[in-house]
Structure formats: C-alpha cells, structure tokens
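Per-chain residue numbering starts at 1, and chain names A, B, C, D, E and F are given in the order in which the chains are listed.
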Amino acid sequence: MSLTHFNEEGRARMVDVGEKDDTKRVAVARGYIEMKKETIEAIKQGAIKKGDVLAVAQVAGIMGAKKTSDIIPMCHNIFLSGCDIEFQIDEENSRVYITAKAKTVGKTGVEMEALTAVSTAALTIYDMCKAIDKEMIIGDIKLIEKKGGKSGHFVRSD
Amino acid sequence: MSLTHFNEEGRARMVDVGEKDDTKRVAVARGYIEMKKETIEAIKQGAIKKGDVLAVAQVAGIMGAKKTSDIIPMCHNIFLSGCDIEFQIDEENSRVYITAKAKTVGKTGVEMEALTAVSTAALTIYDMCKAIDKEMIIGDIKLIEKKGGKSGHFVRSD
Amino acid sequence: MSLTHFNEEGRARMVDVGEKDDTKRVAVARGYIEMKKETIEAIKQGAIKKGDVLAVAQVAGIMGAKKTSDIIPMCHNIFLSGCDIEFQIDEENSRVYITAKAKTVGKTGVEMEALTAVSTAALTIYDMCKAIDKEMIIGDIKLIEKKGGKSGHFVRSD
Amino acid sequence: MSLTHFNEEGRARMVDVGEKDDTKRVAVARGYIEMKKETIEAIKQGAIKKGDVLAVAQVAGIMGAKKTSDIIPMCHNIFLSGCDIEFQIDEENSRVYITAKAKTVGKTGVEMEALTAVSTAALTIYDMCKAIDKEMIIGDIKLIEKKGGKSGHFVRSD
Amino acid sequence: MSLTHFNEEGRARMVDVGEKDDTKRVAVARGYIEMKKETIEAIKQGAIKKGDVLAVAQVAGIMGAKKTSDIIPMCHNIFLSGCDIEFQIDEENSRVYITAKAKTVGKTGVEMEALTAVSTAALTIYDMCKAIDKEMIIGDIKLIEKKGGKSGHFVRSD
Amino acid sequence: MSLTHFNEEGRARMVDVGEKDDTKRVAVARGYIEMKKETIEAIKQGAIKKGDVLAVAQVAGIMGAKKTSDIIPMCHNIFLSGCDIEFQIDEENSRVYITAKAKTVGKTGVEMEALTAVSTAALTIYDMCKAIDKEMIIGDIKLIEKKGGKSGHFVRSD
C-alpha cells in the first residue's frame, strides 16, 4: 500500500483529480464533546432560554467546512453545494454529539469538509464553555457515510 | 454557573479582555488518531524513507494554531509567540499521539490555539491516509496543561 | 413564508444547491457614501492629480467580492467569473455612488458578491478619509438587478 | 486638507503608527437593514421560536470585525480585545438596527472594526432573508462614538 | 496594445471569463533562491538527516497556490485540480531551483497559481534559513510552459 | 551552523520569541520585474493617463505584507505598524523596481513582511500584464536593510 499524496521525491503534492468526473458526492461525519454534567446543563438552559452555544457552533462548523482547503494542506478547494450540522445531547454520558453532512457536485469527495465541520463545531463548544469546564474531551471523530465517486458507497459498520 | 460568552440579549459576544495583564502564557493539548496497522506502517515507512505524513501534519498544525481566531468565532486574535508539535506512535493501539504546545505573551490564554493545532494535525493525517484507510478515528483531544493568567496553573490529573 | 436557511432544529444551514443547473448569472448592487464637501473635494483632487482613493476602493471591493463566502456564514463558495465596480460622484449631495456588477456561471446567484463589493468599497473609502472626516455615512446599499437562475430577471423599480 | 494614506508618489500606504502610545480605545458604530413587514415578522418569529437570523448575524459580525484588516487594504491588523453587537427591531419603520462596539488596547482606533461588524451583520441578515425579500436596503452606517487616542472623545451629534 | 484588466474609467476590474470554455489547463513556473554554500549545506543535511526545509517549503508552496486569488487582486478564484513542486539543488551556483506545476479544468489559466507556488516556496526557504544567512536572493521566477485555453501551447524558449 | 526552525524530532516549529523585547523594527526589501519594452510602455501610459497597474500592485503588496504569517508557515503573526512600497521604472533594462518598507514594534523582525510585499506586488504586475507579455521575469528579491532587535543594523553591501 502506498500513500498517493507524495511525489517521486517523497514530498507532498496535491493529487491531480482533473481526470475524474463531476458527480454528486455526500459525506457524513460524527464526533462528540464530553463535559461535566453542569456544563451540559448550562448549554441546555442556554439553548432553551437564551445564549445558544450550539447555534454559534453550528455557524462555526459550516464556516469551517468552507475553509477546509485553506486548513488542510493537500485538500482541493472544491465548491461545497450544501452543509448542515445536527447536535444531539446524550445526558447519560454527558456528551454533545455533532453530526455534519457535506455535499458537492465535483471531482473529489467531501469527507474532509464533513470532518472539519465536526471538529470546528467541537472546538467552538470548547471555547464557549472553557470558563466553566477545563476538562472537556473531544472524541470519536470519524466518517459515517460517503457516497458518489468511483470508490462507491461507504457506510461505517460500527 | 453562567457562560461568559453571551451578552444581555443572550447572543454571543467576544469577551472583553482589555483589563487583563500581559503575561506569559503556555498551553499544552493532546489527542490521537487511530488507524489500521497497515496505515501506521505506511506512515512509519514514509517517515523513515520518504513521504513524511507527519512533517505535513506538523506544518498544518502550526498554521492551524495561527488561524485559530479566524476559525473559532469568539476567540481573540492573539500574537502567538511560539508553537511546537510532537508525534508519538503507539504501535500497540495503532495510534499516532499528537501533542501541541502554544505560547503567548498576552491578555488571554492559548488553550484554543493548542487544541486547534492538535485537531488540524489530526485532520491532515486523516486526509493524507484516507485513500488507504476510511475508518480512522480522531479521539481524546483535551487540554493537558495551562500556565499564566489569573486562573493559575492547571495540570490535567488523568 | 419561511426562511430556507434553517434546518429542522431551527439552526442555520447552508442550503443545498446541488440540484440546480449551472447557468450564467449576473447581479448589480449599488450604494453610496456621503461625506463633507471638503472630503469629496479631496477625493476628486486625488483622482485627478495623485492619491486615488477610489482606485484603492476598487481593488478592495473586487477582493471583497471574492471573499464573500468567507465573510457571510451561509453563502456558497462560488467561482466568480467577473467583477467590476464603478464610482459616480454626486456633488450636489456630496456622495460617492458605488455600483458593483458580479458574474458567475454556477448553481447560485451572485447578489451577495455584488453587495459585499459595494459594502467593502464603501468601508475602504471611509477608512482612507476618516482622518479628515469622522461623520461619513454609508447608505442605501441594495440590489439593482439580478439575472439567471430559476427566479428570473429582477430589476428594482425605484 | 490632505489624505494621510498616500505616499509621495501618490500611491496608498499603510500609515506608520509605531510612534503612537498603546491606549484603551473603544468605538461604536450603527446602521440598519430595512425590509418588508413580512420579513421582519419572519425574523421575529425565528428569534422567539426557532431559526434565529440575528444569532447568525451576530457571529458573522464579530468574525467580520476580526477580519477587518484582511478586508480593508490600509487598515492595521490590531488585537481586538472585545466585540459585541446589539440588535433592535424598529417595527414602525420595518428595520433592524445593528449597533456594534469594538475595543482594543493599542496604537490605533477601532472604528473600522465596529463599522465592519455592522456591515457584515447587515449583509448576513440580507443573505438569510433574500429568498423571501429581494428589496431590503442597508442604510445609515456611521460612527456613533470613539474614545481613546490623541484625537479625543468623539460623540456623533445627530 | 492595451491592458485588459482596466474598465472604461481606467480602474481595475476582474476580467469576465464566463464565456470561455472549461478546458484542461496546465502551467509550469520556475525560479531559484541563491544562498551561501554553508546554507545550502545546512539544507542538504537537513533533507538527508532531519529537519527538512524543503518539505516545509513544498507544503507552503502548494497552500500558496490555493491562496492565489486571495493574494492577487484581479485573479479568478479557480478550482485547482492538482499541484506539485520539485526542488533541484545546484551546488555550483549555490542555488535551490523550484519548479511548480499547477492544473485545473476551468475557464482561465493557472500560470498565476504556478508562479505563486514558486514564490511562496522561495519565501519559506528564506524564512527558515534567515537566522544563518541574511543575503539570500530570490530570482528568475518565470513561466516555463502553459497549455490549454485559446492562447494555445506556450513553451519558453530560453 | 544549525537551523533554529526545527525541534528535536527534526520537524518544523515556530521558534519561541516570547523572551525577546518589544523594540521598533524596520526592514526594507527590493526586487524587480523585467518585461518587454512595450509592456513597460503600457504600464507607464496607464500610470499617466488611466489604468494604473502600479496602484493595484501597491495595494496588493501592502495586503500581502499583512498576510505574511498566513502564507509563510513558521512566521509569527505580528502587528505591522506601517508599510509602504515604491516603484522605479528602469527603462534601460526594461524593469520595474519594487522597494517595500515594513515596520513593527514587536518581538521579531519584519524582513519576511517586506519580502512578501515585494513578491506580491511583482506577481500582481505579472497578472495584470500577462495578456500582452508571457515572458516577464521576477528577479533579485533580497533584503536591503534591517534595523531593531538584538541582531543589530544590517545594510546590504552590494
């Protein structure tokens, strides 16, 4: 197995996707941020009453998805046709689950955009809650589903 | 407990730190990316022979740290006086551990910069290996240590 | 009437335009910046002799148009096929009128790009003249015309 | 009166502020976006129930303030110590008023940051409502107050 | 001969390429950075043993290519389908030669992307070696080859 | 001699400058772009009559200086207190000479900002003239002078 991102000198390159077809592509990524019970409670109260941490994280995640090729060195600067993020609060484990879906019509997949959206949303939640909780953990960020392109339909089994 | 990032209307604001002193501040964050044995092997071989995934991730992480305030909505645009990243390969668990240290002399802490560096480095490793492994997991991103400023010296216990 | 920019949780999303056709699209926006007689005079003299405020505003406006999706959270990152800006000095009302035209061949309109170009050009004029005039007013920024896409040809009546 | 932003060749330069003192500086800017009654109503309902246009505009405005020196050519890249935005709905005139306050401790004023925050927030409201209203007008963006630095305390009279 | 980048008022515009066809386009640019013998030696040792200046310059050059339209005012924001950079060490003249190839499928050429990649890589080498050599010179940056589009195949003769 | 930009693992880091004093620092860099006689003539006519290529290059160069730390991976994100660019037309050699001066009050030098300004201005001239001249050459970009900081006053001898 060899990594495609390196040229003959062994240095990184941006892989040429010029020969690939423009197809509809979708990717879904997920991850969570775990925190103290009190922190989850503060987020929930804000969401209901006022001060919605998750609304800010949503905006940050979508803007992050658009910045992906600016942040990830070998990532192509694609046209993102759509992006959405969903949050689920898991009170038992004191976690906020973040699911991002990214879409394009283009020559290369959008998994990096979905993963960057999740990652940016999680960091934003961290930033907005860090005054009351320094021990939050961002975890389990992974690709859930990927459609379009020649590699076919991938659905994560676990 | 209330979140400081909201104004009286309940909408997000960038907290005023103008009254705080300029002090030396350091933050250390850590996380990992878990992958197949073959993927770790490909990274290791590249690092030794040619095609150094971690060198690219290092550059991405440091540039990511400098972009933190551009990515995280309520984060201050501070002067970063230094930034470094270390990688450790944990073959038993098939993980690359990423540790980032960020430093400033300024009015606000640099934990978001350290966390963003780890997160960006992990996403970059993901991007460069995704052609051979779609099931990598980014996990356990957290603050390890934080020095400087009025909140004192924080060291994570676990 | 409901706003399309929100998902079922009531949080913002980037609307999916993947199903839309690639068509030629044009948008024209206009606005003005009003200032003291002396300030308009200084701009005019610069434009004729040396020190062209409007040349700088022109560059800023075009670069602003290209940054639109980086500035406006739910805006798609489209390919801008062309952009131009015109200035008209209205001496009677002591205003500089700014008209921006943006063009694309793509799946979504370019009115935000035209409006951002006008807005950025106006702010740049403000910045360059603020040492001699603190009371300038940026006003009446609006869409003048929009062509292409399924919503048809819009021309503002007033 | 001459414009300070030009060098001896008559071309733009970034004025040297290296000799100025670091002082606390505050600027307040204001503007509005005018729209149809139905559009204001849609925003209000969203703010109360779900789909808060103004929360997105708030995030965009604050991020816009941080991007000011990247957007306005001759503007210094200052450290912004704080930023907040307030919205007031004027139902009689069918307008949303946007007030932004920016703060720094530095060598140059923050009026451009406050004005850019207002401008970006207004454009974001436009973007999110344009599917139901193409005739919105962004108007009357101006400096309201400015404190700090050698030019003293400015308060707009009207 | 007249420059196409200006409108009828004589101010800069982004030329409209909306009528052009989407074709495969390639551009190759080259340049060098000249330095002391000891500096070249330090780079070579790093490349062999550890501390690879050229690996960092490679990443910077590719990221620079993606930022071209953000840096060059009248440049279109195109989709870059691929980008690669090669370094050759010319020990006799104590130079590192940098060759960048950029590719797109689009309406306009990619020579600016290739030139910006060379330029950014050279500046990065400068930055990383400036502690030991203040007299480096970046030189001879030029277009070597250009294919695709109506202007045909250009190959530089010297 | 060893390069300071690498950590113990031999990977790049952003050198810590937190211990350095804030001092006034100035750097001057210079370079040229060489072109056909007709191209120089077109630029000169534009500068006199209308269509000022150099005015656009000036704006691009100053904005480029502000983006330096975003473009050059290991470069610190400093506050730039001032920046200016001068052009000299050398008709004999058919060159435009570009001289950039950057200033800061801070912990690290501004030579990269001055060099990036020259480089960006040269690329912008290239972009605006490339429709009439594909054989321009950007050359001889180097540091001319550097003041401030512990390394003392450097003036290039040739």
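Methods note: a contact is a pair of C-beta atoms (placed from the backbone, for glycine too) under 8 Å apart; a residue touches a chain by one contact, two chains touch by 3 or more.
Because the structure is a prediction, the values reported are computed rather than measured.
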Quick one: which chains contact chain B and chain E both? A, F
Just how far, in Å, is the C-alpha centre of chain C from the one of chain A? 31
Once you find the CA centre of chain C and the CA centre of chain D, what distance in Å lies between them? 15
Of all the residues in chain D, which ones touch at least 2 other chains? 9, 11-12, 52, 55-56, 59-60, 63, 67, 70, 73-74, 79
For this structure, enumerate the chain pairs that meet the touch criterion. A-B, A-C, A-D, A-E, B-D, B-E, B-F, C-D, C-E, C-F, D-F, E-F
Residue positions on chain F within touch of chain B in the complex are 7, 9, 11-18, 69-70, 73-74, 76-79, 106-107
The chain D residues in contact with chain C across the complex are 1-6, 9-12, 31, 38, 42, 46, 49-53, 55-56, 59-60, 63-64, 67, 70-75, 111-112, 115-116, 119-120, 122-124, 126-132, 134-143, 146, 154, 156
Residue numbers of chain A touching chain C in their complex, please. 24, 54-55, 58-59, 62-63, 65-67, 79-87, 103-105
Going by the contact rule set out above, which residues of chain B touch chain E in the complex? 52, 55-56, 59-60, 63
